[in-house]
Amino acid sequence: MKRTLPIVIVFACGFFMIIAFFIPLRGFQDVSQTLQNWYIGVIAFFVFIGIFNLVKVNVDKIQRRLRDWQYNVILLIFLAIMMIAGFVGRPGGGVFLYLFENFHIPLGATMFSLLAFFVASAAFRAFRARTPEATLLLIAAVLVMIGRVPIGYYIWHGFPDLVEWIMTVPNTAAKRGILFGADLGLISMALRVLLGIERSYMGGGKE
Amino acid sequence: MNILDRLVKFDRRILFVFVALAVIIPLLIPIGLPVDITRPVKHVYDRVESLPEGSIVVVSVDYDPGSEAELYPATEAFLEHCFRKNLRVYMMGLWPAGPKLGNMALEQIAPKYNKEYGVDYINIGYRPGGPVMLVSLGRNVADLVRTDYAGTPIDSLPLGRAVKSARDMDLVMTLSAGDPGVLHWIIYFSARYGTPIATATTAIMAPQQYPYLSSRQLIGLLGGLKGAAEYETLVERKARAVAGMDSQSIVHLLLVAFIILGNMVLLYQRRKK
Amino acid sequence: MSVNVGVWIASLLTLAIYSFLYKDNPFYKIAENIFVGVSAGYWAVILWFDFTWPNLFEPLIRQGNFIYLIPIIVGLMMFAPLIHKISWLIRIPLTFTMGVAMSLVILQRIQGEIFPQLQATFLPLSGVSPAQLISNLLIIVGVITTLIYFYFSKAHKGILGVGAKLGIWFMMIAFGASFGYTVMARISLLIGRVYFLLHNWLGLI
Amino acid sequence: MSLILFLVIAGIEAEAYDTPNDDGSSITTTWTTDTKFESFEILRSENPEEGFEKIYEVNKKTSRYIDSQVQGGVQYYYKIKGQSADIELLSEAVGPVKAMAQIFNTGRSNIAICIFILFFAIIYYITRARRGEKLFIRKIPGISAIEEAIGRATEMGKPVLYVPGIMDIDEPETIASMSILGRIAEKTAEYGTPLYVPTSKAMVMSMAQQVVKESAIKVGRPDWFNADNIRYLTDDQFGYVSAVDGIMVREKPATNFYLGKFYAESLILAETGFSTGAIQIAGTALPDQLPFFVAACDYTLLGEELYAASAYLSQEPTQLGSLKGQDFGKLIFVIVVVIGVLTRLLGTEFFYNLFNTMP
């Protein structure tokens, strides 16, 4: 039961959905639509379990007084504030929106802008044309960096067209080739899952 | 110690200061470089221009604050264009924070054109379930959408009643920062239901979209802040994106200089050996 | 300079993150943990009000539509590992969602990607301008040689070797393009933040 | 006057048929005309002579309407009315049509064939591999680069650093990374070179410890294994990067491996590693992060090469079989592209149209 039932479920759901794709009869379409809608319902619980685990991990760190546990307290406090603001005051409520606009947005927006600085230092210290391949990459990169911003057009009016050509010809060709490879990889993985060969997603391979 | 050797060894935080200045100074003292228009952006603009009044455009806000700087200006510019053309906007989001950010843009633009909520535009909020949800949504919207983002029953809003399936959607615009996003709109929605898709993506994702432009699975593309600046120029609403283009240009020049300088060091070191 | 408390909070949090550039420090760590807490809380609230309540619980409780018990019960099995005896039940939601999602991966990757992309590679080589002809040829050759590069069943010798080498060049140009665009993205994010600080906070522009 | 008008206005040719490949819920009407109308009305009746009622109106650009408000089994008749400012014209009634359900969607048979071929290839090769057959996979150049790099660290008497990405063990890249780590651990254990594996996930740490320990035992150097060298640092992305940076600066490893799933941190890692003068070998499947690795590392496993290297090193039947099955798919794609281009060059669109996915 513990072993077979999950394999039966993944096999039955998967192959039913595939077969139903080819059979336009109302019954088949309705059942696959229902399965999809249930999927969305179930997926929502994945998020709740994720948040539950986040709390568990953090409480655990605080209890065991692991290094920097004080920061985990801050995390939990803000998680609680946000949840109370949302569930008590509703997501349209002032406090929830205030937190979203003045905490969530600036922090999220700033985090990855840090990379702009690291790109600069890497540009100076690490991006080297050591091989013919790397040279080609850097030349294309420099052309795109100049040709895709207004200064490129200012320097030479043909720049935007040159970059557009790079994007629509060699870039499209290589990206398409990579895409075909990746699709085959995905389809083969999906098939292994449906056949029950691939089970690592069920959790660490233990019984 | 040679000057080039010293250049490589010095603290990278000095480079950080250079970058900060290259961003700040052009914002304070704008140069006003003209923004050139690329074809993929023009195609989006032309498609919106060609839609008859009252057409329903799905605006899917599939990003979060992490990409707000790149995609929010595009959101505003695109909405401005839709409302000016009297198109109806059906907003949703595949990312939890998307519809809230989209709503900020709606609140900015809709009053300018006296648009009424529920009739001319609607926001149905966050839709979980990613690709699977899109397959389901295209066949029967009512299965998934019961209320709008504020909890109002969807049947009480005229525009909510008007959209029953993918057939009622004339164009989908996805403002996309990753997964789920434009890829899923193309292969899970458009491929099944034939709805045309246009997109504004982060610059990181933009090169990845060219195969779909070439296969016409995508109508057009606004790539990153530059794409937004082009759209702002086309709809004659110069705002944050155009303002940022001077800084963008200067920093790019600076980085190209860094790459060239860095590689000169490499050449020099090789020759020394 | 702004007198809005919210703008001040936002600005100070922005600067706290940038302090990482000097080095990893407590301000950065505080800001970062606030972010994780706030965004997780946000997600839970929005998911509940935008989807879980109106689409699952409301029809069940208010309209007595018991069919909705199925996804709710299957979803709740995600919490099964908390009780040791029934911990295996977590496999039911996992396999169910995988079954649905993976079947759609197979169907849509073929319908939405492989077929249209193959078709788009059948480019015309006659009746087009010479410039277009060269571009079309390059795309066809680029797609084929990239596939050859990722062909692992034969050693890359002779014609395959030449093909793979060509494939690498196409990929390097494509990676160069991605490189340029990624750099652009990072800088745009920085511009966005600096604009916020100069405009909303300091009021300089 | 009206007579002249009648002569200039071309009529509307209408057609109505059961919508193919649907569930029996609709009828499709199409029409053509040479006259410029402003709009068209679609009228429907169950009687060919009378009772026609307007069911929908479309603009001038449209020449097709799918009527999904029909009942199964009922016979319908349709008329199309063209309208402009000064004229109105009605087509002949067309019909009778009945909406019927089809059992198989023939418009999708091409997809069915494709699925069949791919499934067959993958299952066939996996079965062969599981039966113990030796399937050939070419040696990935990256693998010899890995061995050389370890040799160099040994000569210099410095440690090797292995970064397995920042994602958990359910990620295929992380799993592939663990197979490669096994091989690297064997080599370093043989030479007695220290191997550091900082991880961003606790589960990855325990798996890495197990893998490295097994490798050490396999080459007969269990004493070499030191669990303290394989540590969990923090889940947080940038926190992890700055901690790994710290290791690089302090320990100055001679060789850095970045194999697994990486996001924005790829750039910072590769840069710091470069500045410490280490030989760097990277590999990740996500194309977004590859450019930075190529520009800043000495050798990079591109995309799928990471999985191929893992299959090559582990010789695990499922991995090998899948890889061969995918290779078969690539071969087919190349052949299809060549045929597609040639047939169009010969002036036939037949083969091209086989790949239509929209009705």
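Each chain carries a letter (A, B, C and D) given by its place in the written order, and its residues are counted from 1.
Note that a contact is a pair of C-beta atoms (placed from the backbone, for glycine too) under 8 Å apart; a residue touches a chain by one contact, two chains touch by 3 or more.
All values derive from a computational prediction rather than experimental measurement.
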Pair joined by the larger number of C-beta contacts - A-D, B-C = B-C
Task = Report the chain whose mean Cα position is at the greatest distance from that of subunit D.
result = B
Task = Measure off the straight-line distance from the CA centroid of subunit C to the CA centroid of subunit D, and report it in whole Å.
result = 13
Approximate Å spacing (C-alpha centroids) for the pair subunit B, subunit D = 22
Query = Can you list the residues of subunit A that touch 2 or more other chains?
reply = 18, 21, 29, 36-37, 39-40, 43-44, 47, 90-91, 100, 104-109, 111-117, 119, 121, 123, 125-128, 130, 133-134, 137-138, 141-142, 145, 148-149, 167-168, 171-172, 175-176, 178-181, 187, 189, 191, 201
Query = So which stretches of subunit C touch two or more other chains?
reply = 20-21, 29, 32, 36, 39, 42-43, 46-47, 49-51, 55, 100-101, 104, 106-107, 109-114, 116-117, 119-121, 139-140, 143-144, 147, 149-150, 171-172, 174-179, 181-184, 187, 189-190, 192-193
Note = Among subunit B residues, those touching two or more other chains are 16, 19-20, 23, 64, 66, 68-69, 97, 100, 128, 132, 135, 144, 149, 151, 191, 204, 207-208, 211, 214, 223, 226, 248, 251-252, 255
Query = What residues of subunit A sit close enough to touch subunit C in their complex?
reply = 2, 5-7, 9-18, 21, 35-52, 54, 68, 71-72, 74-83, 85-87, 90-91, 96, 98-117, 119, 123, 133-134, 136-145, 148-149, 165-181, 183, 186-187, 189-191, 193-194, 201-203
Query = Of all residues in subunit A, which touch subunit D in the complex?
reply = 18, 21-26, 29, 111-112, 114-115, 118-119, 121-122, 125-128, 130, 133-134, 137-138, 141, 175, 178, 180-182, 184-185, 187-189, 191-192, 195, 197-198, 200-201, 204
Task = Sort out for me which residues of subunit A touch subunit B in the complex.
result = 29, 33, 36-37, 39-40, 43-44, 47, 90-92, 97, 100, 104-109, 111-113, 116-117, 119-121, 123-130, 138, 141-142, 145-146, 148-154, 160, 164, 167-168, 171-172, 175-176, 179
Note = In their shared complex, subunit C is touched by residues of subunit B numbered 13, 16, 19-20, 23-24, 27-28, 64, 66-70, 96-97, 99-100, 125-128, 131-132, 135, 144, 146-147, 149, 151, 186-188, 190-192, 202-204, 206-208, 211, 214-217, 223-226, 240, 243-244, 247-248, 251-252, 255
Remark   = In the complex, the residues of subunit D that touch subunit C are 108, 110-111, 114-115, 136-140, 236, 238-239, 242, 287-288, 290-292, 294-295, 302-305, 308, 323-324, 327, 330-331, 333-334, 336-338, 340-341, 343-345, 351-352, 355-357
